[in-house]
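Each of the next two complexes has chain A plus one other chain: chain B in the first, chain C in the second.
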Partner chain A sequence: MTTSDHKAKGDAPDKAPKGREGSSFGIIVSFFLIGFGLSMAVGWIAFPKLLYSEKQQPFDFNHAIHMDLVDEGCESCHLFREDGTYAGVPTLDQCSGCHEDAQSDSPDEEIFVNEYVANQQEVPWLIYSKQPDCVFFSHAVHVKTAEMECAECHGDIGTSESLKVYRENRITGYSQDIWGANIAGLKKNTWDRMKMDDCGSCHLERMGSKGPCFQCHK
Partner chain B sequence: MKIDRRSFLALGIGAAAGTAFTPLPWKLTDDLSIWTQNWPWTPVPEDGDAYYDHSVCTLCPGGCGILVRKINDRIVKIEGMPSHPVNRGGICALGISGPQLLYGPDRVIAPMKRSGARGEGKWTTLSWDDAIAEVLDRLKKLEADNKTEHLACICDTDRGTVPQLFKRMLSLFGSPNFMTTPSMYDSYEAVLKKMHGRKDTLDIGFDFENTDFILSFGSGVIEGWGSPVRMIMANSAWKTKKAKQIQIEQRLSNTAASSNGLFAVKPGTEADLALGLACVIMEEELYDKAFTGAYSTGFPEFRNMVTKNYNPDVVAEKTGIERHLIIELARHFASAGTSSLAICGRGKGQTAGSMMEFMAVHSLNALVGKINTPGGVWSVEHPDYIPWAKEMNVRAAIAGKKRIDEAGSPVYPDSLSLLNRLPSKILESKESPIEMLFVSNANPAYTLAGTDKVIEALGKIPFIVSFSSYMDETADQADLILPNHIYLERYQDVPVRGGLARPVIGLTRPVVEPQYDTMHSGDVVLKLAKGLGGQVGEGFPWDDYKDCLEKTMADRWKELEETGFWTDEAYQPKPWAGAFGGTYGKFAFSDTILPLPDLEGDVKDYPLILIPKESMRISSSHIGDTPFTVKTVPDTELKGKTLVIEINPRTGKEQGLADGKDAVLKTPLGQVRVKVSFFEGIMPGLMAMPKGLGHTAYGKYLKGKGASYNALVGPMEDPVSGQDISWGIRARISRV
Partner chain C sequence: MKKESSHEPGRKYGMVIDLDKCTGCGSCMVACMAENNVSFKEDESNKLDSITWMRVYRLTNNKPFPETEIRYLPRPCMHCGGKGDLGHSPCVSVCPATATDYDHKTGIVSQIYTRCFGCRYCMAACPYHARYFNWWDPIWPADLKKSLSPNVSPRMRGVVEKCSFCFHRYQLAMERAYNEDRRELEEAEYQTACTQACPAGAIVFGDLNNPDHAVHTLKDHPNAFRLLERLGTNPKVYYISDREWVRRSGDNYLNNEKTNTKPAVQEHHS
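Let's turn to the complex of A and B:
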């Protein structure tokens, strides 16, 4: 049936169809909004929860206590080897110098001494800042040459009294700290994210260029 | 109100639109891309503690010290050793790719016996005991048949304990036929014998670090000549202190491009130019009168011969260099700053040169008094640390026996080895005069000129034993392969013969455990000698090779083990008064015009000349290129798998060629399909071909890429030294 047909027969077709069309449009819009809203909820709320699994460190560690006991700040334990390479997380050998026996009644230290020091087994720490193998990064260049503070990338971990929960990305296997806690990738502090763009923006700001690909991807 | 199909469509569109406003698609894409990097089959280097171990590189005669970076037990990187007197921290592309030779696919991983025809590549593995027993059986048969001199051995050099152990075994067994891979050092040593009059072999040394003017007769100063890393560093230092370097060459090589002037002489007239320069220096009285007067003999005769035959007009005609340029160059050379020196040995110096040319160039140095002086050319005394190499009873065992190559005979008295003469000697006999051949650290089936003839000659030898760590062309022709540990897996002393201005001995150390079922060639020789027993067995009193090395090194061992090298820091060459031997104890100028062989090929059939083009990116010695260095070869040398020939555009057009197009290159020895690259930097009438490609052995990274220079060029025997001085061949090229 065409409009011209209605006119020809002298019907009053305008009212009733208009009402039908209006309600139909409303339903469509509602469904659109429902879909929109649901997917927003999934994307912003459910997805981040599903994406990360929570893992506990082998035992808790108090950085603040240790910082009070050492003279050279972070580098006292997170040291540079003689050849300039960065040693990363302290090894059992470094820790057991003091922790051959428990120094306190902390249950975490008890776990360390009884399960790891006694068995000469390295602690399988989950590393928040672990980057993929295809990235070359020199701590020496950043800390020694450029004189950057550790906290600039890692945050003020030195004053923390306990380790935060390790959130592991179920797809990549890396820590949530690389992408950052904000699922949209927004950051307030320099240490909120550790993606390539974050390296790039800092290099651009301080060195005038993001640098060539092979500078990090050797 | 009706919910219909459109409602659900709207729900879907809404969901899609909503999703686009969430981080989900972007985050998911990022995560998925990272996930693909972590697939379990993606190779990831092992993590662990990093540490360094020191050793010495043996991939060329340069003798660089290396620091090997390891993660746990795996080598991950090779760097130059900063404290080493040769390379001072520098390293070349081949040197850094050593780990690919260690872990790469071209290793011979166990003793192997040929089970098909020669070159067919069919092998069966056998135990070391069986392999050594088989060699022993054959040696004993030669001994029983009184044919001990039918055993021959080819090594890369005669320096160091391993080649000397081979030589000792041969000598005590009764064979004088120990031969070495030819190089420019053979020519230099012959020159030192002739002109310095010394009976013992001296090393040629160049005090490049203290010179102000370098006149290079075709030497690839920054392309692998001498000790390559040292030369590149010396070249940089020349630039800083504004020393002058003049290159005499037919094409604009990298060395020529970095020099202060290029003299493109007609090929083969280098000796004429050297004597032309000598003529100017003498006529203008620019020579060192103290040296020529009191410390040389034959100078007046030399002067007469040169002024008569090599005046600048004649030389200009011969060389194509204008008269005034010859005069200017001679004046510069004779008056440059405090010191100047002239060098020769073409390209990387991997072939010998004519005695005429080498003596002419050395005479130039002598004329300006730059023999054994700061910034000049030195005769460097051997460290002479292998006392057992000179034992009289060993020499007596081969007394009266003639070498097959006639080196050291009255015909070629100044040559120690003439491996280039071996193929023709074998081919001209009905039955091969060599019945058993050992090949260690050498690949004559690839590196000797005239490959077809060499392989034909090897084919006539009944039993060939290769000690190669890699499946190279000679191993491919062998009957038995007894693979050596590679340099990163073994101990060995490395006396450096790279034109250094002081003696240096390096020590390769086993920085990793042997990766395969290989054995140190030194130990194999000891086992063979002990198995032979009698005089041979008694000549090898050591428990094993390491015992031999430690005892031989004696006082030097501790220093070598700790630092990786021994050197005489304060070494100074002998002053003129005691430097020379001979009847008068003086430097001997020669007034003989020595004959030069003609270039092979008829001018009518082959109007052009083919010369080699040598580069640091292509290893042209017995060690093949690594996968990494092959990748560095530019497409002006290798395009896909096709070799690229360099030709002057004018000559190219005359031959009907087009730049970048295919052509057929033909020499009297063979032909090959190539691509043409027009290059203004090469003399008209010449073609340059990269040397070191076209392997028929090794694995997929090297085999079948480009064409082999040595397959197209035959040997040219120097009538005086007997050495192969081949520097090119007549050729023609036509489009396809």
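Let's turn to the complex of A and C:
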């Protein structure tokens, strides 16, 4: 409408309406920017926070102290069974060998000894790197055959003094360590994310191929 | 780099089933279902949508009483290698989702349930009816869920499934081997559930490429044949029977055609 008005008036446009037009344009742009900013904030900051529920482990655990006391590093407690399968988190039997009674005045150990060892109850640890059940992963071939260090995939957990918060995806129920914390899909360390493509890229690099589907699926 | 992996000495797992030993008892079917968490319906009377990775078929020579003969034919997935074992299995070639692939290291055709979106092209392509569709989510009555095998992932509604030659047993056997610093498997270390369950010992399983395994020699038995050989699917399941009508029922012969007794007829196609 305004352009046809301008045409009717020739080369002498009215200055006042143009100023009003400019300010309304500014309002539209600023509304757009505010809306854009808000939706970006929701998508990139609020949603990733909302997506995960924070769960605490039953009690804290100090890997560093234990590492100093054992001889064979991680494998002293995180064992391979005789059939080659990996036992994962130690069972109560393994721990209660030393922890029949409290070894220190740590409140976490007190919880362990009084609530779990005394009642002969397994500790319901939350497993940060637990994969979906369609995934087959052999620790034996990575650790024994390929001679990889635990820290290559898991990071320096062996020297950590406390356990981090377990973040569970509210939709899938999987740990955040599987899907990755960064919503943009960026990762610095191997252990930031453990999805299929992360396994695949390492296999491609070291083995020359991602391998057949059944290599990692079951 | 990719070629390097295909140069590795390939295993080629396969089966030889002696139909003259098979009594049709169905132990293989039961063992397979229990081993692989195969779901079932509340009412299994309609077999059209039942899931049976291993299925025993009944063959008859269609002759009147004194000459009547019956044979039972257990039918797992044939794990077709395609011409020259290049992996062009009927199902693998048609899958638009790459939910099934051919493993050149073992010769096993995979099925990845989380990747499959249920178009069922593979079921149409498979000449052996070895593939099955999950029309419903599995329902495990009472505490049966607790007895599911953790080594096989259960399927969901809308995906195709089939016999995997108990591939999880291969994974576990290899894991043990790696732990003992080995890369080779003994014949007995990897056997399918149906093989072990067969009371008649009719099913023999092993590496067709390995001369130490029984299947290596059995597959060249003069009475050995494969199903629909002339399609060129190159299946890895061989059958043995001394009855010609049984061998003849393994393919679509013309009335005046001679029954082929040699298992390898690839030269007809190349």
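Note that in this section the second predicted complex is superposed on the first by the 186 of 218 C-alpha atoms of A that agree within 3 Å, B and C clash if a C-alpha of one lies under 4 Å from a C-alpha of the other, contacts with A are read in each partner's own complex, and residues count from 1 in each chain.
Assume a residue touches a chain if its C-beta (ideal position, glycine included) is under 8 Å from a C-beta of that chain, and two chains touch if they have at least 3 such contacts.
Computed from a predicted model, the values in this text were never measured in an experiment.
Chain B and chain C, once both complexes are superposed via chain A, clash. Of the two partner chains placed by the overlay, chain B and chain C both lie in contact with A:T85.
By the touch criterion defined above, A:P107 lies against neither chain B nor chain C after alignment on the C-alpha atoms of chain A. After overlaying the two complexes on the shared chain, residue contacts for A:S138 are found with chain C alone; chain B is out of touch.
Looking at the shared chain after the overlay, A:S23 reaches chain B, while chain C stays out of its contact range. Within the superposed three-chain model, A:S209 lies in touch with chain C and out of touch with chain B [touch as defined at top]. In the superposition on chain A, contact is made by A:K218 with chain C only, not with chain B.
Touched residues of chain A, counted separately for chain B and chain C, are more numerous for B. Within the superposed arrangement, the part of chain C that overlaps chain B, taken from 20-28, 38-46 or 110-118, is 20-28. Overlap of the chain B and chain C interfaces on chain A: residues 83, 85, 132-134. Residues 23-24, 27-29, 31-40, 42-44, 47, 51, 81, 83, 85, 132-134, 169, 171-174, 179, 183-185 of chain A are the ones touching chain B in the complex. Residues of chain B that touch chain A in their complex: 1-4, 6-8, 10-19, 21-24, 26-28, 30-32, 34-35, 37-38, 44-45, 50, 52. Within the complex formed with chain A, the chain C residues making contact are 1-2, 4-5, 99-106, 108, 110, 112-115, 150-154, 164, 167-168, 171-172, 174-181, 183.
Listing the residues of chain A that touch chain C in their complex gives 80, 83-85, 132-134, 136, 138, 140-141, 144-145, 207-209, 211-215, 217-218.
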